[in-house]
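Please find one structure pasted underneath; my questions will follow.
Every chain is named by a letter (A, B, C, D, E and F) in the order it is written, and numbering of its residues begins at 1.
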Amino acid sequence: MKVVTFGEIMLRLKSPGQERLFQSPRLEATFGGSEANVAVALARLGLPAAYATPLPDNQIGRECLRELRYHGVDVSPIVFKPGRMGIYFFENGANQRPSNVIYDRAGSTIAEIEPGDIDWAAAFAGAGWFHISGITPAISQKAADASLAAAKAAAEAGLTVSFDLNFRAKLWKYGVKAQDMMSRIAAYADVLIGNEEDYQKSLGIEGPKGASEGSIDREGYAAMCARALAKFPKAKYAAVTLRESHSADSNDWSAMLASREEAIVSRRYSIADIVDRVGAGDSFSAGLIYGLIAYGEPRKALEYAVALSCLKHSISGDFALVEPGEAEKLMGGDASGRVQR
Amino acid sequence: MKVVTFGEIMLRLKSPGQERLFQSPRLEATFGGSEANVAVALARLGLPAAYATPLPDNQIGRECLRELRYHGVDVSPIVFKPGRMGIYFFENGANQRPSNVIYDRAGSTIAEIEPGDIDWAAAFAGAGWFHISGITPAISQKAADASLAAAKAAAEAGLTVSFDLNFRAKLWKYGVKAQDMMSRIAAYADVLIGNEEDYQKSLGIEGPKGASEGSIDREGYAAMCARALAKFPKAKYAAVTLRESHSADSNDWSAMLASREEAIVSRRYSIADIVDRVGAGDSFSAGLIYGLIAYGEPRKALEYAVALSCLKHSISGDFALVEPGEAEKLMGGDASGRVQR
Amino acid sequence: MKVVTFGEIMLRLKSPGQERLFQSPRLEATFGGSEANVAVALARLGLPAAYATPLPDNQIGRECLRELRYHGVDVSPIVFKPGRMGIYFFENGANQRPSNVIYDRAGSTIAEIEPGDIDWAAAFAGAGWFHISGITPAISQKAADASLAAAKAAAEAGLTVSFDLNFRAKLWKYGVKAQDMMSRIAAYADVLIGNEEDYQKSLGIEGPKGASEGSIDREGYAAMCARALAKFPKAKYAAVTLRESHSADSNDWSAMLASREEAIVSRRYSIADIVDRVGAGDSFSAGLIYGLIAYGEPRKALEYAVALSCLKHSISGDFALVEPGEAEKLMGGDASGRVQR
Amino acid sequence: MKVVTFGEIMLRLKSPGQERLFQSPRLEATFGGSEANVAVALARLGLPAAYATPLPDNQIGRECLRELRYHGVDVSPIVFKPGRMGIYFFENGANQRPSNVIYDRAGSTIAEIEPGDIDWAAAFAGAGWFHISGITPAISQKAADASLAAAKAAAEAGLTVSFDLNFRAKLWKYGVKAQDMMSRIAAYADVLIGNEEDYQKSLGIEGPKGASEGSIDREGYAAMCARALAKFPKAKYAAVTLRESHSADSNDWSAMLASREEAIVSRRYSIADIVDRVGAGDSFSAGLIYGLIAYGEPRKALEYAVALSCLKHSISGDFALVEPGEAEKLMGGDASGRVQR
Amino acid sequence: MKVVTFGEIMLRLKSPGQERLFQSPRLEATFGGSEANVAVALARLGLPAAYATPLPDNQIGRECLRELRYHGVDVSPIVFKPGRMGIYFFENGANQRPSNVIYDRAGSTIAEIEPGDIDWAAAFAGAGWFHISGITPAISQKAADASLAAAKAAAEAGLTVSFDLNFRAKLWKYGVKAQDMMSRIAAYADVLIGNEEDYQKSLGIEGPKGASEGSIDREGYAAMCARALAKFPKAKYAAVTLRESHSADSNDWSAMLASREEAIVSRRYSIADIVDRVGAGDSFSAGLIYGLIAYGEPRKALEYAVALSCLKHSISGDFALVEPGEAEKLMGGDASGRVQR
Amino acid sequence: MKVVTFGEIMLRLKSPGQERLFQSPRLEATFGGSEANVAVALARLGLPAAYATPLPDNQIGRECLRELRYHGVDVSPIVFKPGRMGIYFFENGANQRPSNVIYDRAGSTIAEIEPGDIDWAAAFAGAGWFHISGITPAISQKAADASLAAAKAAAEAGLTVSFDLNFRAKLWKYGVKAQDMMSRIAAYADVLIGNEEDYQKSLGIEGPKGASEGSIDREGYAAMCARALAKFPKAKYAAVTLRESHSADSNDWSAMLASREEAIVSRRYSIADIVDRVGAGDSFSAGLIYGLIAYGEPRKALEYAVALSCLKHSISGDFALVEPGEAEKLMGGDASGRVQR
């Protein structure tokens, strides 16, 4: 089943290893963005995956397209237009020092997207699934309008719609209330994805009472999901990622997937030497889409999503550079990390 | 004598060695901008040099200030304000393949500079020289207004004013004619600096007839300088850099300095393995300022300026990382490149 | 017009910069092979270009496919089969020290190719041009049989066939005489490409009398081309690359293109700081194919081919990382290497 | 309040990552030394901080000065004289393999310092605090004499004096007993800083009975501090750093601060993936100085010092590359290491 | 006592840090192979150690010899012959992502070794110990024949023979049953070394019942060793390495050494931030050989072997880059990882 | 014939590529010293070559020994003693910017060498040639005494003695006149090597009249050689290297070899893209020794020496990383730099 995603992609400039930004005069230059990350992960796993976005018509935009094509993403929905690409500078944390991000995304081509820039009819031809995140509508009125129009068009074309809430407090500056816009998009979604804060800040869904960093209140999360499914009648699933952050290097990672019938909780992975956690949520979304398509049942889909995103924590860059079979192996119980030879 | 410069500075992101941009996922991150380059060169040569600019109030702006301070620049005139720093991406050419630049400078703090952002009275206290280039007024109306105001204030405060014309065809998009604005600034200048194209496009001064790449028409250039000095009565000197570009690696480099009395031509250097020619013009300006201050007479000043900027071609980055004595040695005739041991 | 190429591709492992192999414990890992280099160059220039080869079914083969896809090559004719990928180790020369290559290509998937591995009917669907080189038939009987079968099938399907002779003395070890096999393939070719040694050793065509490194005997080369066209009646063009090698860094580069009517000689480029000359011949082939398709007349095609391959000398790696417009600009006369800004 | 520090600075040459020295032919070249580390940390936190030392009058000494200026240190007390800069080679440990240091500091300019090299009157003008460590007096008789003279001059000028004992068994080879010289300097100190071994070996203060690696005997440490304060009547505070070393990567880190009234113990941080622990003690000193000046009360000062030095463990190099606000945030309880975006 | 080892060595090509293979276009190029790793470790510890193998007669083979000579290995038994060197590509795992190896060893000089290639009489002159592993006989019939002949010659020459079983399921493709060939070699061994799987798959010795990853069944392992010693009457010792693999980064590491009188178990090391575990088993073999020679008694020999191989986990590359005294220090109880200064 | 050399070796710390020292925080760490360079070159060419020096007994000294052993040098005459290794910092020039060296060699083990440190009887056993340079006697009285003693012992043992004058003006600070000490050593030499300045400043031999940079006065040089041979009756040959330095990148390189019968001049090589010229003179000495031993006649020996040292200019580092056959090929006339494949 072909999956289409739409949203912002940025040039990612990271200091080497665990250096602070500009500690030495070198940066690692890759690309990343929530919905592109999903498309890349799916394409690498073997699903047909297309990605739609307006890229700037310069050497940076062309390189971005090449990079997506490298991973096997169908880049035919991408359009080029004058403008710039958003940039984010990233330094990796360690221990008690958190990772840090500087955004330089003002005036990007996605912020200036116009109706008609993307040919949705062409993009959705032959597709069965559409994925979007809450970052793109947070960027500008135009990006929000495009997100909403895309979700609507996808739903009308009969595609399954997944929506990763991805609340970003630093965005939403253009004069619209996050909950208003996000609720309008969520109304088209079949699958909602987020953490507790996302549900609360994006959709106004109250979280578990007394929940705190480091403890998982299963009943509370199930109740939160039930509230979300109640508020958005089209949605079949509400997924919640459960990150327990002990330090910049050491997190526990699991998730819940709730339908109207049941709320299941995944295996929990203890990840003690995180290589890069940016994009882990996106790889969860990709894994959930892949799992629901490939396995057709929620438990396996959830375990696949958590295993895939667990592996992402061990991979540098936004993209989940995972080969087919790797997440299945981890999901099957082999987490010993023994050399494969 | 303390020299003050004012203008744009950008984050410079260069692909390693002679790689094409993004050929491998690494970039070298330094800083550069015409007037900052002048301040850095002067500070490294031992002159008190201050630099004024509005920097963005984030980790990138703070790093830029640290980098300038590293070279010994007096950073007290710098102010921090919300916004972004302009960026330029750079790949170094080789042979018949030219170097290439992608600018991403829209919306930078310098483009949004407001009257009063820089405290000119404080900046000019104790100073004897002010330097500015034609890039900053080309960016935006606000940047042009600030440039003009700064030149006027400097002249009124009795500082010698040097003006590197630095015409950039891709800029000047904000609705003002380059020649109008540039002529208003040039009216305050004691020293005009540029190549033939700069004089023509920035100030409307006609160049040598029939001049072409690869030949130096001494009479023609002298006449051009005379026209410039005639048009701008305050100016004492008109300097012209003479680059003969054989390939991306191989250039000949010399210059002319004309007063109302005479037009002198410097020694010519054949530079066959250029390391980085960006910033070479700025190091010529720095060398001319240094030379006029240190030697007090045009011939030595001109030879110093050409020697310093010749050395810059052998140094990677925008900045002329030259120690006191190095240009003097080259100027003195030792161009053999023998190991110093 | 869609172009299809077929042949060997290898993992290329190069020591950094101008280091000798293993001087430091690092290697640069890219991919390259004569016909793949042609496909990559054409795809980057905007022509639809497909590449056919059997790749090993492991992480290295999959990476190679991704790399080709990155450049825009249509990889649908590629098949995966058990085996290994050939490797070549490369150190870049300097001055009087020549570049050096160590081949480790025994037992590769291309050497073990079987009839039917490539689906030629599918590969040639919609295509108008087929390109092959003399390296692949030199590897093994199976690779030679596949090359011959492909050329025959292409000719029968009405495609224009170009054949880069590319004689390699170290190959041709499997028991067939080079001239026998090469002549059988050349019989299907519309365009023959090679240097003097290639014509002589691959096809038995005598070269110019008294020709020596460093001088170009125009009449002699024209006569050689005439002999080649006489021997292979299907051929419309015989092209000869003319390299004058002064040192590892400094070569002059030009070419001749002969039809049955005339023999034209291109502009000559002096390349004094070669970055990487491996793959330059392949970029000439790509440029000639592109030029003949785009311009439809030999002079412009030849000048395009020489300009493109001149630029390749300034780019590290086997692939001609050239953007549309760059060779046109050089061909138009701008070889000054001035910064593009 | 302006802080002045004085002491040795060395060129630090480190093998990359966790490589053994010379495992590959690359070294990372930075600078570091106990008192310079304190000055850099304070300057980066926004306090006026000056550093006094004699540097060698060559390109290495000038680079060292630039590096200090980069971080904002007031370098006006630095003098240049003939000689060399001490060097230390460093390889980072991992797990059970300890980090390793090779010193090459004989004959350095600091070892040959003469009375009058530093103009203390000028250095102390406008200053309120002086900091020194026990490394400098351990180097040579001249360095010890200079340390003592500086401490005395500071005390007489009314500056608060802090003294980091920093015992180094491999030094003290020049014929003076460590305890004799250290006690003479300590007599001028208002704040004493060290670990248990420092107090014992530098000042002859007995440590906690039965104390062993891996357990913290609060009463015993308090008694040790009381003995120190009793022996040195000018001292107001005795601080003890408490490192529990589980492996080269994993340490627990806390500290005690004792006045004549009370002995308080800080929060304990578990640091499981140490990036670089060299300079951590110096960042504790810097944090304590900053905290006592900024907060004016011991508990907050201690927590600040421990938080700052905890962060240092996650930063490569001698210097605590910490921005204002980062230690405050950790001190405030947020040690989760979540991405800042 | 001079130790001789014999076997395969390969070019090892590793992606940098924890990158996936080809994530960036760089590889680290070193060498490694089980028996070469033993020789290198022993030579670095100061024992005379010679290594015998047929190397390819090209720049790669010569570099390999130089690298072995660098570490102090006596390379006089090495011979050069036409052919290629086997290669293995390696990516380091992290957390739940296992390390991964791609072998490209077909057709190597060791696989094509002929009787008489190595002059065993010369190699064994003056030697007291011979070491071999189960990898070499698994490669080809010729390599197995050479292994068996070497073990027989060593035993007949009165050398102590140690045999690291090193079962590799992916090898043993040439038509001989592993247990048959391995048992014939084991019959000459004085010391058998392996993990539980090695004993079972190589020699048909049943392992501990119900043993599972993560628990150490001391009685069961002792019984397994007893069965091995019973089956191979010449053997004096059976050693078992005990790895408990929690993740790619975190392993516990210990070992058992059984004689006919007793089975002793070593101290257990918890290694939480593994740098590179490839070659750890080989460094255990080296440590055991060194320990038995240097200490002459099993307990110290075992503790030395475990300490040396514990340190290897913290060192990148196949080789145990350990200096004399380092393993002794760890074995003596100092595992705190404190900086050595 | 076994060749023995004796002298200083230093740690060489070079900034990457053509960066200025400390332009980025990285240094390349290798080793080099005039007589060690000769031994390495000879060992790589296949001659038995031993090197004698006192190394510091630390990790740096041991690494240096390993590096020499890597190249095949017989390190048995090396002794370890307390002390430090000299260091030189190096930045590579470009164009008009000369290469630059900072020495940090005070107090090194070679400066403190004592009579008896080297066992000359053992070192000279089986040897036929001894080589020394003028750098070592310039370091200290002890180093000069050792040099003189070694030359005397070699001559008395019947070895051929070659002496590379290598005048260094910055050394010779310990109170002895260079000409006095150098003449005493030269009295033992069979072969004298140097450039014009060396002969003049080291031995007081007047150079060609009116000779200047950039012109070769063949008669004048022959006369200079005749004067040298007249002054030192034991000498059979006087060799002069002839460098014409056009820039840091571009030199012409040739040499003269004079006996009492004739003075022959070599082919001249134009080297336009110098990679590293440090050690070129040493590789000339090595080539001359190799040539005289291998060819037994002066013309071939001289051409070999010039070809080998011409190649050295294209290799980074002090050592001539040249394989047997490479210089022969260049000497044979193939200087075209064509790819070897």
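Here, a contact is a pair of C-beta atoms (placed from the backbone, for glycine too) under 8 Å apart; a residue touches a chain by one contact, two chains touch by 3 or more.
In this text, all values refer to a predicted model and were calculated from it rather than measured experimentally.
*Asks:* Show me the overlap between the contact partners of chain D and those of chain F.
*Replies:* Touches both chain D and chain F: A, B, C, E.
*Asks:* Would you mind checking the shortest number of contact hops between chain B and chain E?
*Replies:* Counted as steps through touching chains, the separation is 1.
*Asks:* Between 0 and 180 degrees, and as a multiple of 5, what angle does the rotation take that fits chain B onto chain F by Cα atoms?
*Replies:* With C-alpha atoms aligned, the rotation comes to 120 degrees.
*Asks:* Name the pair in B-E, B-F or D-F that forms the same interface as C-F; by residue number, over half of the contact pairs must coincide.
*Replies:* Repeat interface, by the over-half criterion: B-F.
*Asks:* Centre to centre, by mean C-alpha position, how many angstrom separate chain A and chain C?
*Replies:* Taking the mean C-alpha position of each chain, the two centres sit 43 Å apart.
*Asks:* In chain E, which residues are in touch with two or more of the other chains?
*Replies:* Only 17, 25-26, 59, 100, 272-273 qualify.
*Asks:* Answer with line, ring, star, complete or other to describe the graph linking chains that touch.
*Replies:* The chain contacts form a complete graph, every chain touching every other.
*Asks:* For chain D, which residues count as touching chain A in their complex?
*Replies:* Residues 17, 269, 271-275, 310-311, 313-317, 321, 326, 330, 334-341 of chain D touch chain A in their complex.
*Asks:* Could you please specify the touching residues of chain B with respect to chain D in the complex?
*Replies:* Its residues touching chain D are 59, 62, 66-67, 69-72, 323.
*Asks:* Which part of chain C faces chain E closely enough to touch in the complex?
*Replies:* 13, 21-22, 25-30, 58-60, 63, 84, 87, 89, 100, 102, 104, 106-107
*Asks:* In the complex formed with chain A, which residues of chain F make contact?
*Replies:* 24-26
*Asks:* Which part of chain B faces chain C closely enough to touch in the complex?
*Replies:* 17-20, 23, 93-101, 103, 168, 170, 213, 245-250, 272-273, 277-278
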